[in-house]
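We call the chains A, B, C and D, going by the order they appear; numbering starts again at 1 in every chain.
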Amino acid sequence: MATTVIETRPDVLIDFDKESQGDVRTEEMLINMGPQHPATHGVLRVVLRTDGELILESVPHIGYLHRCAEKIGENLQPYQFIPYTDRMDYLAGMNNNQAYAIAIEQLVGIEVPERALYIRMIFAELNRIASHLVAFGTYGLDMGAFTPFLYSFREREMILDLFESACGARLTYSYINVGGVHDDLPDKFLDVLLEYLDYFEPKVAEYNQLLSYNHIFVKRTANVGVISAADAVGWALTGPVLRGSGVNWDLRKSTPYEIYDRFEFDVPVGLPGGSEGVPQSVVVGDCWCRYMVRVLEMLQSCRIIRQAIKQMPDGPHLAGKLKNLKLPDDEIYVEIENPRGQLGFYVRGDGSTIPARVKARGPSFCNISILNHVGSGCLLADIPAIVGSIDIVMGEVDR
Amino acid sequence: MKTLMRYDKTILAGLLLAAMACCSASAVAQDYPDPKERPERVVEGEAVPQDAYRSEVTPVVESVLFYIFGGALLLSAVGLCICRDVVRMATCLFFTLGSAAVLYLLLGAFFLGAIQLIVYAGGTLILLVFGVMLTNKSPWVRFDCKPAEMIAAAGVAIVLFFGLATMLTTTEWAQSTGEARSTTVAQFGKALLTTYLVPFEVASVMLLVVMIAAAYMARQE
Amino acid sequence: MTQMSVPWRPRGKVRYTGLSGLIAGFARAIYGMAAPVVRAFPGSILLGAIFTVILVGWAHFLLFEFADNHLIGADSNISAVRGFLGAELTLAEIENGLAVAGAPAPGVLQYAFYPIQFRIVRDLLSAGGILGFISVIPLYTIWWERKVAGRIQSRTGPMRVGGWHGWSQSMADGIKLINKEDFVPDHADGVLFRLAPYVAFVPAILAFFALPFGTYWVFRELDVALVFILAMLGIEVLGVILAGWASNNKWSVYGAMREACQMVSYEIPMGMALLIPVMAVGTLSMTEIGNVQGDGWTSWIVFRNPFTFAAAVVYYVAALASCKRAPFDLPESESELVSGFHTEYSGFRWSLFFFGEYAAMFVVSGLCVILFLGAWHSPLPMSLADRFLGDDLLSRAAKGLFFSGPLWFVLKCVWLLYVQIWIRWTLPRIRIDQVLYACIQYMLPLMMVILLGHTLYELLVPVHGIVWTFFNIALSVIGGAVMLFLVSIACYGYLNRVKLVGWLGVETLPGS
Amino acid sequence: MAPEEVCDILKERFGAAVLDAKLDARRPYVVVDVARWHDIALFLRDDERLQFNMLECLSALDLLEDNKLAAVYDMFSVPVVIASASTVVGGSGCKSTPLLRHHMAVRVEVDRDKPRIPTVSDVWPAADWHEREAFDMMGIVFDNHPDMTRILCPDDWEGYPLRKDYEFPLEYHGIPATTEHTLTNPKH
């Protein structure tokens, strides 16, 4: 059994070395943080080998929500498969549709009209805010604070109303389709959106006051589940988890797809303790950094949406007919910046209208794989903290 | 047994009420303060002895309570030895200590009864259960002793029984003269720090040594 | 479609007989009759109920006092035990005593007064009062907690059950819980599993027997009341440990282990913090401590000197930890241990745990009020009352209402309950090693310093000297300022709640 | 760093091991020989000109017509630049410093009856779960992989679902997997 030397824990457990036990040795227990558990968001099962409160090994078992979406992808035309992409990461339906739509468009070579690009971009950013709100709320729940959850869902409710006015659905939209957007924006949509942004932005400052800089919350998350930058890149972590470890890598900035290069925004990155706006005990790559990156990303998304509303052109919202697109005998791999990380679609056509192979690379699939490396050596109460900060959605882990 | 288990709630609710009635009845020995004159504050000098303690309850009720809780004490002590499951043993120990505390209350020694509950039922027992949970003897282990041990234990028990019986019968106990038996807490405090100061300090030093030894033993090298 | 075979044994429809069936039927009958009346004017019913409870309690006390003064007479020698049940007075004596006192129909009233003289009758009456109060307290604390939590989270909490603001929500929950099937998991230790809720529930109830609500409003005035209540709070731990242990579930074992660590470690600072007022007043009996803080809010022990002020704060934090509330609610922390020690419980047994917890919450805040916050006295000094009000019935009622009476004690306890609820719904939870770390590294040394400081302060500083009055006045002013500030925040919050909660939220709140 | 240059570097380093290079396709990729794949992977990660430190995705392919199974590795070179303490979280200070931001795809083909590929989970830890999923779905066995078991399907599931010639099981432990309708007229 690998010696679990706990080098990053400064507090009371520093010299608790496993090898030389006193005669009072607590008995090791194998515990199932089973598929049904309030701390695992969705049906993730973590088998913990614990010694008292200390975790020796935390092996995640997945596959409880496996719906073989990829096998179905090999039987459906692209425009029929879009609703399946919604159900993968059910908290960020728009971004999933966008990823698959871009993959098919680049494979077939469809040119998407300007207005559709802007609408897609606005809805993708709105969905990012909604998804980060859920992450912020449920992370408060994991730490035991019930109130932030209610506040975040109040704000998210308004975003869902906006989505409902545009595409009729609240969670599984199938709004972004191959070649553009399903139908045009309802009238007065943009000014209601502006009114919402003005209402929402001061609320984020309120969240920071309520939870982010709360002393107990900082003590529970600072210096817990630290992931170094090298590990983060080695385990192919992406999104806020990677940026929380200090690596400045955001697809919207580094390899801008669609029209992201026309907007001016920042990429928040995890910073060590003591820098401006970061509590003293925070280490780069711990739970607090990952959480704070998400909160700041919400503000950046508002900034992008405001610029997009100003530059919104007129024109058609769809590039043309969606049915029977002939897929060339070639393969394509496209990645976009999903709220949880880089969602990639590998599509291989074989000349017919149905793709030969569709492979979805879910960001949560890679992000959760590091749980064992990070989880062993911490305490039982830290597991929900780490899983919550990685913010996984089981739909896209199991596909 | 099945039906008994099904009506467990009603039975235990009855037990609950009985326990409350006994507690209030047993604590009845304290005289109901006469509302007119208040016991004035304890002056610096010698504490004014409160009016004589007398049992409001007729002796019949008091002896019934005594037998109930004395019986409970004996039964749970026997249960303590018989049970195999560690946690059931701890519960029997709890009932033993609890009924001992109630007996003190019956005798009017309220401070002692409360301290017994705090120190034993609240403190030592919890540490004992805590110790069981943390030692590597997994709590689901069962103590099943071999026949040889049984015989030895029986022998020791018989010897002890006769020793106690003779001691009980031969000594002549001081008859309770029924005069003021209830002492206020202030008198306790004064007695502890004046007449019994040395044993009090020795006990505290001994406890300190025990605590340091325990900390040393559990420390990881 | 082939019907899948269900692996577990299908049980027949569970029919409720016995106690729960009876209760459910009874409750449905009452609700049928009472619903229209309650729906009509709920607010006045609630206020009326509070006052009738106070008046009924007071009437009992007056009855006992009348019986003692007029019937038995001051000089009767107590040890003369006569009559069949050890009664001091025969019927004839009662009749002429009533006639002397000018009671209306002595012939009839004598039979009413005969049982009053027995101690056991008086005990049963007050025990009934205490049990009634105890069963009401958790009910309304749960309802109130859900309303306060709702307001903190910008929603409204229960609004429908029983009309006005869902006042009978917890009663409905109680009936539901009684009807719910509470099973025992297999391989669980049946006897201990059923015993645990009672070991956790009974001590919290017994603590009420020694808790004084007013100078005369106490079931049994023990001169070791404080130690007795501490003992009762200590025993509750065992109930929780048994529950965690007997339910054959690894998570509850974790809950039981955490509970053992936390309770044992937090009883020490709590006990030491309680020593401070005992040292200040010199007795363990809480009625005595309460009476000492009689004249005005500057005489409250919390404002006596800086050490008692700090001790009050440390006591309150340790009390939060000892009744598993707010940031310390690790044993039943939902996110990690599913729900800690009472995961496997449901129905009546689960509600017993919750009754025990809320009763313990009230006892703990009651202790804080009596020992530190001027028990049943209002901020106005009693000397003011004596100057204006005489001794007749009406003035005694006024004295009870405005100057010192059980209403003030309950009001202060409710305020401390509100603080507990407020803390619970804003702060996240602490990890177990931080809880123990805080207790051993911060609370214990701090408490020792306070204890030492207080003893030196009491010995060296002359009572009512310059230093003494300076600290007293300074702390009282601070206390008053804090109280006024909180009240002003509450008013500000209520007056413009539309602006604070935000335009989208408020329109949809019914009755806001 | 365009794909052509990467392909030249590989050819010059490994010569015959690089079987084919499809550089004009929409997403250019290089086909590599199975035997040398592990050293190529090490070279791709450690060579300072390439520095492919993040393995994005491993897609398992079923080329039924020429009786082959393939594994396509997409990898990225991410500049591991730690934002210095002075830059403000969210401030304009944390711009990304483009070091070598390029992308490469490598395909490893192996025939169907003996699908064995050397594991790269020691080169990129991310490959661990991707390889287990490829094994679970397509049946490609990765040699000396630390824990070669199924990751999505139950451990006792027979067959590899994503293969083209996979026929659906009718029931699993007594639980029917299809309805009578599909029993009577199976689709494929």
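Operating definition for what follows: a contact is a pair of C-beta atoms (placed from the backbone, for glycine too) under 8 Å apart; a residue touches a chain by one contact, two chains touch by 3 or more.
In this text the structure is predicted, and so the values were computed from the model without any measurement.
Asks: What's the minimum number of touch steps needed to get from chain A to chain D?
Replies: 1
Asks: More C-beta pairs touching across which pair, B-C or A-C?
Replies: Here the pair linked by more C-beta pairs in contact is B-C.
Asks: Average the CA atoms of each chain to get its centre, and name the chain whose centre is farthest from that of chain B.
Replies: Relative to chain B, the chain whose C-alpha centre sits farthest away is D.
Asks: Distance-wise, how many Å sit between the C-alpha centres of chain B and chain C, to the nearest whole number?
Replies: Whole-Å distance between the two chain centres: 27.
Asks: Once you find the CA centre of chain C and the CA centre of chain D, what distance in Å lies between them?
Replies: Chain centres of chain C and chain D, defined by C-alpha means, are spaced 64 Å apart.
Asks: I'd like the Å distance between the centres of chain A and chain C, where a centre is the mean of that chain's Cα atoms.
Replies: 46
Asks: Could you put a whole-Å number on the gap between the CA centroids of chain A and chain B?
Replies: That gives a centre separation of 59 Å.
Asks: Which residues does chain B have that touch at least 2 chains other than itself?
Replies: Residue numbers touching two or more other chains: 134.
Asks: Out of chain A, which residues touch more than one other chain, so two or more?
Replies: Within chain A, no residue touches at least two other chains.
Asks: Where in chain C do residues touch two or more of the other chains?
Replies: none
Asks: Over in the complex, which chain D residues touch chain A? Could you list them?
Replies: My answer: residues 25-27, 29, 53-57, 59-62, 72, 74, 78-83, 85-92, 94-98, 101, 103, 105, 124-126, 128-129, 133, 137, 150-154, 161-162.
Asks: Give every residue of chain A touching chain C within the complex, in rising order.
Replies: Chain A residues touching chain C: 11-13, 29, 31-32, 37-39, 53, 140-147, 150-151, 154, 158, 199, 203, 210-211, 214, 216-217, 219-220, 379-384.
Asks: Using the touch rule from the top, collect the residues of chain B that touch chain C in their complex.
Replies: 5-10, 12-13, 15-16, 19-21, 23-25, 27-28, 30, 32-36, 38, 41-42, 54, 56-58, 85, 87-88, 91, 94, 98, 101, 110-111, 113-115, 117-118, 121-123, 125-127, 129-130, 133-134, 139, 184-186
Asks: Can you list the chain A residues touching chain D in their complex?
Replies: Its residues touching chain D are 62-63, 66, 68, 70-71, 74, 106-107, 229-231, 233-236, 242, 246-250, 253-255, 266-272, 274-278, 284, 292-293, 296, 299-300, 330-333, 335, 342, 344, 346, 348, 357, 359, 361, 365-366, 369, 373, 398-399.
Asks: Flag every residue of chain C that touches chain A in the complex, lowest number first.
Replies: That would be residues 149, 152-155, 250-251, 254, 327, 329-330, 333-336, 338, 425-434, 437, 502-505 of chain C.
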